[in-house]
Amino acid sequence: MNSLVIAGLLLVLLGVAYQSGWSRSRALATTNGVKVHSRPQYHGSYVAIWALVPALLVVGLWAWLGDGITHNFIVSQIPVETLQSLDQTGLNATIGRINALASGYGVAGEVLPYEQTAGDALRSFQFITFLVVIGAAAVAGVAALLYARSRITARHRARNAVERVINIALLACSAVAILTTVGIVASLVTEAIRFFSFISPLDFFFGTVWNPNNAGSAGNWGSYGLLPLLVGTLMITAIAMLVAVPVGLMAAIYLSQYAHRNLRAVAKPIIEILAGIPTIVFGFFALVTVGPFLRDAGNLVGLDINATSALTAGVVMGIMIIPFVSSLSDDILNQVPRTLRDGAYGLGATKSETIRNVLLPAALPGIVGAFLLAVSRAVGETMIVVLAAGNAPVLRGNPFEPVATITVSIVNQLTGDTDFAGPQSLVGFALGLTLFVITLCLNIFALYIVRRFREQYE
Amino acid sequence: MTQQSVNSAMNPTDALERPIRLTARDVTVHYGAKQALHGISIDIPDRAVTSFIGPSGCGKSTFLRCINRMNDTIEGAKVGGTIKLDGEDIYDPSLDVVELRARIGMVFQKPNPFPKSIYDNVAYGPKIHGLAKSKTDMDEIVVSSLRKAGLFEEVKDRLNEPGTGLSGGQQQRLCIARAIAVGPEVILMDEPCSALDPIATAIIEELIDELRENYTIVIVTHSMQQAARVSQRTAFFHLGNLIEEGVTEDIFTNPVNKQTQDYIMGRIG
Amino acid sequence: MATDTLSTSQASVERTRLIRASLRKRHLSEAIFRVLGLAAIILALGFVALLFVDIVRKGAPAFTQSNLHLAVTFDPALIKADPAPVRAEGQSDADFQAANLKWQRDLALLNWNKVIEASLRAAAPAGYDIDTKEILSIAETDARHEVREMFVADPTLLGKTVDVDVLASANAVNWIRGNIDRSLGDAQQQLSAPARALIDEFVANGTITNGFAWSIFTNVDSRAAPASAGLLGAFVGTLWMMLIVIFLAVPIGVASAIYLEEFAPKSRLTDFIEVNINNLAAVPSIVFGLLGAAVFINYMHLPISAPIVGGLVLTLMTLPTIIIATRGALLGVSPALRQAALGMGASKTQMVFHHVLPVTFPSILTATILGVAHALGETAPLLLIGMKAFVAAVPATPLDQATALPVQIYLWQGNENRNFFEPRTAAAIMVLLLVMICLNGVAIYLRSRLEKRA
Amino acid sequence: QSRDTIQVAGSSTVLPFASIVAEEFGAAFPEFKTPVVGSGGTGGGLKQFCEGVGDNTIDIANASRKIKDSELEACTAAGVTDIREIQFGYDGIVFASSASGPDFALTPLQVYKAIAAKVPVDGALVDNPYTKWSEIDPSLPDQAISLAIPGTNHGTREVFQLEVVDAGAEEAGLPEGLSDEEKDAALTTFRQDVVIEISGDYTETLARLSSNPDTVGVFGLSFYEQNTDTLKVATINGVVPSPESVAAGEYPVSRPLFFYVKGQHIGVIPGIEEYVQFFLSEQMSGAGGALEAAGLIPQPAEKTAEVLAAFEAGAQ
Amino acid sequence: MTQQSVNSAMNPTDALERPIRLTARDVTVHYGAKQALHGISIDIPDRAVTSFIGPSGCGKSTFLRCINRMNDTIEGAKVGGTIKLDGEDIYDPSLDVVELRARIGMVFQKPNPFPKSIYDNVAYGPKIHGLAKSKTDMDEIVVSSLRKAGLFEEVKDRLNEPGTGLSGGQQQRLCIARAIAVGPEVILMDEPCSALDPIATAIIEELIDELRENYTIVIVTHSMQQAARVSQRTAFFHLGNLIEEGVTEDIFTNPVNKQTQDYIMGRIG
């Protein structure tokens, strides 16, 4: 409500400022016929920016300091004797009660008279400060408007100023990417540190047993060994790559080197459809179709394959990654200069010899980079594993058995019936951090390799 | 530098007397809808250098690529007419193009050594064609090819270093050595010097002059001077047509065709 | 010279022999390689085909629903309620509202199942032996609300008999379709023997018929009445999130791409940003979920399970993709165009916004649609920000609780009434895939159209 | 203007019940919107619940256990001082095996013997020797032991531990003189070869059963009831799990289910009181009510009346 | 075709007498570590065509781009020395480069119309510089600019069609019209005809000859013939140095410098 009012007022200010700058500039151009440096739109925007920024500053300042001021106000409303009798928790509770009273939410139990008066005072205080803030913002905005308007002359370079502001805004947008990374790292690290206050990092990173205790058993947290999850992750990733790499690479080779144009025009987009299919769909497919199929196929040949197993998840994940591998490989094969291919053909090499002996070795670094990117995608994949891998965090090497991965454990620990302040759920963040670091390293390494490869043929 | 190689060129009439190795009749090429060659007929003599000249885009490279069927590798390229090597139609479906390319080697505009060692670059052709029975056989082929290409002395100590580490001129000679290693009868060269500096160019020109004794050579060049220096016969292409063809000296001093004259005088192109 | 020729021609004969000798083997390995490639393509295409066929085969049945045609009698003996309040002379609005509400609430407290039961019994053969619970298990539990709402809307129905279509219950559907093996014994069936027999009777006499399941598109999720569960809520939730993604990710993404590609001085900072963005593009989506949980929910106190949080998380996830694609597009703009603009005295900003951006518009649009399509199917991060909730309402604003299509799929696949929900999950997947393919199709269409125009 | 939709979050066990109530509540009370029921687990729900008072915090937390003291403290510190506990019924946990397999009649002791890594034999703990059920007790089928139990991220695991494992161990008689830690280990260390801990949902357990038909799995009563075509339930101590047997206290493996209401939101967020009353009404959580059909085990009507009375007393 | 334009060229001495518009003193340009210009000093007279000739890579374009500060847009380019337009230093930091570019227009080697309609192409400059007060104003500017560029008759019926749909020569004239529309004082042209066929070239050359009456024109060309045909003054660049500069006729008939002689005789480049 309040913010809506403020936003509305700011918009009005913006409009007025723009209009006044615009008309001023227009007037300059028509009256004395001199050449005005910038177009009226720029002068309008210039004044608008000038007016908006101080107003926003005032509002922002209040948003920043307001809470502290309000807090002090509330404390000042509590009788001194009461204040002295309260410890920190008690004080917080009292402040909470007063806040609740002021905002119209009831409080439990009897409302003490001082609480009631404090609540009423707080309500009027909030109303008054609201008016004051709006007033201050308006005054600042209008003053800045007038100042900016007075600066408009024929030679005034409003365009340059406005463009500088646009530039800064663009810079701010690209800072979002950094903020995201900072946000990821900060949120993962703070929570992970809390986790490590319960469980030693050694036990976490080198533990071989994953058995977090349930929420009920306070004190005994259980074991949080990462290794079973890591092994599960790696196993599924390996199976996925075993499916995706040969199929994806051969498909890319066939499509780019052998296939008729028509086949390519049809097959390429169809394969790329696979890349657009949500992973939950693959998960369902794995759960209800691929898993039972593999189990039955296993029975036929006398293998004991679980319907939900590393194999099921890995195979389906491999299918999902095929387009990723094939389109990256395709790009990279296409980047190998044609002259190299011609060189081999010119010597009388057959197509497959050219591909195997010349193209692939030349493209190898790039392809390895592409595979690493695919690996990092497999490592971070969640929904297929949630549905089809069987969620068994046990350290073992049999791909026909269910396994758990890092991602799926994050989901389990954070959405299960776990104690929110204990390691049971905090471990999710430690796992997230581990995952982040693993994929980060993979990505950096892969990007480095791919970039080196690109440079080689630039 | 050019003085010497022009001197060493054999008597022009000599080339005329040599047996014809390659004959092309009415060769046309379409790239998709676009016709790049409009019926080229030419005879190319044995053990002589024939050069193709003409303004950019006139179809020199296209015709050259017809000769060892490199156009097969270009999607949408369609070749018509006949080209015969020693009387054998190279577009005969029963002919194995792999074998053909072993007989007709090619050197490209930009030196394109494989990203392998110098040794492996030269050995690659003999290896895939199964020309060497043993390691020593192979060593011999590699060394003699590098020698013929005039590169051996320069690289003998670093045969295992990557071929891409050589200078441009050395790379081009490596590519020539690579082509020679398969023992071709004809060598096609598409502007082999255009990416090289004058000194490297002179070395390659000399090399071509030497190779002429054992190989039939066809070279595309954009430099008339180069054509005059290295070739015994010259063919002038324009807009997909073969305008005029004959003994180099005649073409340059006494062109019959008006367009050839214009080109040589620098009025077109 | 002559001997030389002789020896070389001998050598060349020998060479030709050698080459011919190995040719067959080489062509064979060529053929094998080719077949392997073709096999890979066929395999990949086969996977696509298998997946689609499988899902469609599984999901298609869920697009039909079993309707129960009942003649419902609004029997005054069962509906013992005051007459609907009529607005008295001089009665205030509020009073009338209150009276009306009270009347409605009284109606709600009645046992409308009795009405349903009566009409079911009326449809059954005379004197059919079946108890109340069993006969009610044939109709979906929301039938009583449907009937009540009819009455609320039109109180004059009292004492009348009208034809009403209600849904057959999920268990009835299971029986009709044979989702549970019909030969299994009583103990293993969800419905009692008399109920099953009566259903067969109903199917035979046309009381139960199949129709297209519009309810999947028009209803929200339901647990109380599984047969009526639909996707509308999840769909709208997804829509909100996509709107947020489009309105945030696209401008911010394009702006940062413009900055990095056009304005940024080459410095450590921009290098860092660049590395950063490339990395973000490959950070697992679940990590974004962790970020959302920690930052948007715990720190910024945005409402849990709300599309706004989902939208923000997906925005951050889509941003790098859009930035990278846009930068690629900007990089592809010919320097000639830039020079032309600058040469005209356009400032750099004008050059970018007047010339470069319009030219790259098709690519940016395509990248955006593909990015949004990807975000649309993302599930894992949503689970961590509480979008796994049961929401039986259409979210009116992005601040309301909602689920999303992929999450709805996840929820349905885990539903305990598996026999009924497995087809329904596949049907939901079909809807999701359709949306997906439409988006991709639009992207391809727009790209080809806009590129042609340019 | 405050929120006009009740927000609920918490235990995934309670989720289906709360969802049904929410839906019916929305249908029955035209003046209120349908409450939103989130999951996130008991802990997650209580965490949100204890975040404070106001629009951005939830009104009701579902829980499959009682709130812990530490959580209460967190609540108080954040100003959530009026917390009302509602117990509304029981959750039954059943052992079920493949419908095509033999019948099982289990006791906690047998289950304990089947899953514990070390079992007491003659006063000492030895490595678990049993490979077949019939070796534990001749009355059990001659079938390899395989058990799928809920993972520790499930609330169900707590009941399983308490009512089956701990009870079985007591019956088996753990050796005297074990330290607390050893005792704890004896109770919580299971055989990795035959025990499968399921971190996913019951669908996952079912998948294990169809992979290996010898497996005996732990399910929620409602899940079992919806899947009688593939599952067959085992008796515990000879008692068939059913709402009646649980409510009568005969069937041991059950636990009470709760939800917690934030008193400060009553009267601010419309409908909270009505929701609670509706939840506890006969047609919902009572015997024969809608929730029973969904697998809830109703509690005695007197207990419900007591809970409701306590709630309403707090609501004054 | 060339006959006529050469005839219409003013008396060479005429150009010398015209006031100096642009003066460059000791202009140096570095691209990163590489120095592309080594101190160029030249005076460019008003309302005459000055042409820059020289072998490829000698820095002609670089110097041209200095004159309207297009080098500012190249990363790593550093310009030294002074260039004055009517005595005003164009590298003065207080000078707005956008304004400068409105005064010094530029036409590029490859015709580069905006992918907009013909009308919008011409109207763009006046729009951003705020030169037209009304729609009619703008129409007038567009029509007169197209007229001056000799394009109006050809396009008057399709002003709303995209400029990219025109032929190469028309596109180049559109670019000239676009430059004229801003009302520049100086027009720089970087090999404006090199992408055009001879007929289009002739038309542009004629156009340049007409424009000379109202504008100061600097043109870079790789064709000495063109320089001779269109320009009154010629400057010869070599390896980043201004070797010789003077009245066109003198430069071509009577070059003082040995390098210039070599270039004109075709011995270098």
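A few comments on the model shown:
Letters are used for the chains, namely A, B, C, D and E, taken in the order the chains are written, and counting of residues starts over at 1 for each.
Just so it is clear, a residue touches a chain if its C-beta (ideal position, glycine included) is under 8 Å from a C-beta of that chain, and two chains touch if they have at least 3 such contacts.
Computed from a predicted model, the values in this text were never measured in an experiment.
Shared contact partners of chain B and chain D comprise A, C.
Once CA atoms are averaged chain by chain and compared with the all-protein CA average, the nearest chain turns out to be A. Across A-B and A-E, the chain pair carrying more C-beta contacts is A-B. Compared with chain B, the chain whose C-alpha mean position is the greatest distance off is D. One finds 34 Å separating the Cα centroids of chain A and chain D. Rounded to whole angstrom units, the spacing between the C-alpha centres of chain C and chain D is 31. A straight line joining the Cα centres of chain B and chain C is 61 Å long.
Multi-chain contact residues, meaning those touching two or more other chains, occur in chain A at positions 159-160, 287, 348, 350, 353, 386-387, 414-415. Looking at chain D, one finds that residues 39-40, 44, 203 touch two or more other chains. Residue positions of chain C touching 2 or more other chains, listed in rising order: 19, 26-27, 347-348, 388, 413.
According to the touch criterion at the top of this document, the contacting chain pairs are A-B, A-C, A-D, A-E, B-C, C-D, C-E. Residues 68, 70, 73, 75, 98-102, 105-108, 110, 112-115, 124-125, 128-129, 175, 178-179, 182 of chain E touch chain C in their complex.
The touching residues of chain E, when paired with chain A in their complex, are 96, 98-99, 128, 130.
Within the complex formed with chain A, the chain C residues making contact are 19, 26-27, 29-30, 33-34, 36-41, 43-45, 47-48, 50-51, 54-55, 58, 251-253, 255-260, 263-264, 272-273, 275-280, 282-288, 290-291, 293-295, 299, 316, 319-320, 323, 347-349, 370, 373-374, 376-380, 383-384, 388, 406, 409-410, 413, 422, 425-426, 429, 432-433, 436-437, 440, 444.
For chain A in complex with chain B, the residues that touch the partner chain are 261, 337, 339-350, 353, 357-358, 361-362.
Against chain A, the residues of chain D that register as touching in their complex are 1-2, 11-13, 39-44, 46-47, 52-54, 64-65, 68, 70-71, 74, 76-79, 81-82, 151-155, 157-158, 161-162, 184, 188, 192, 196-200, 203-204, 207-208, 210-212, 263-268, 314.
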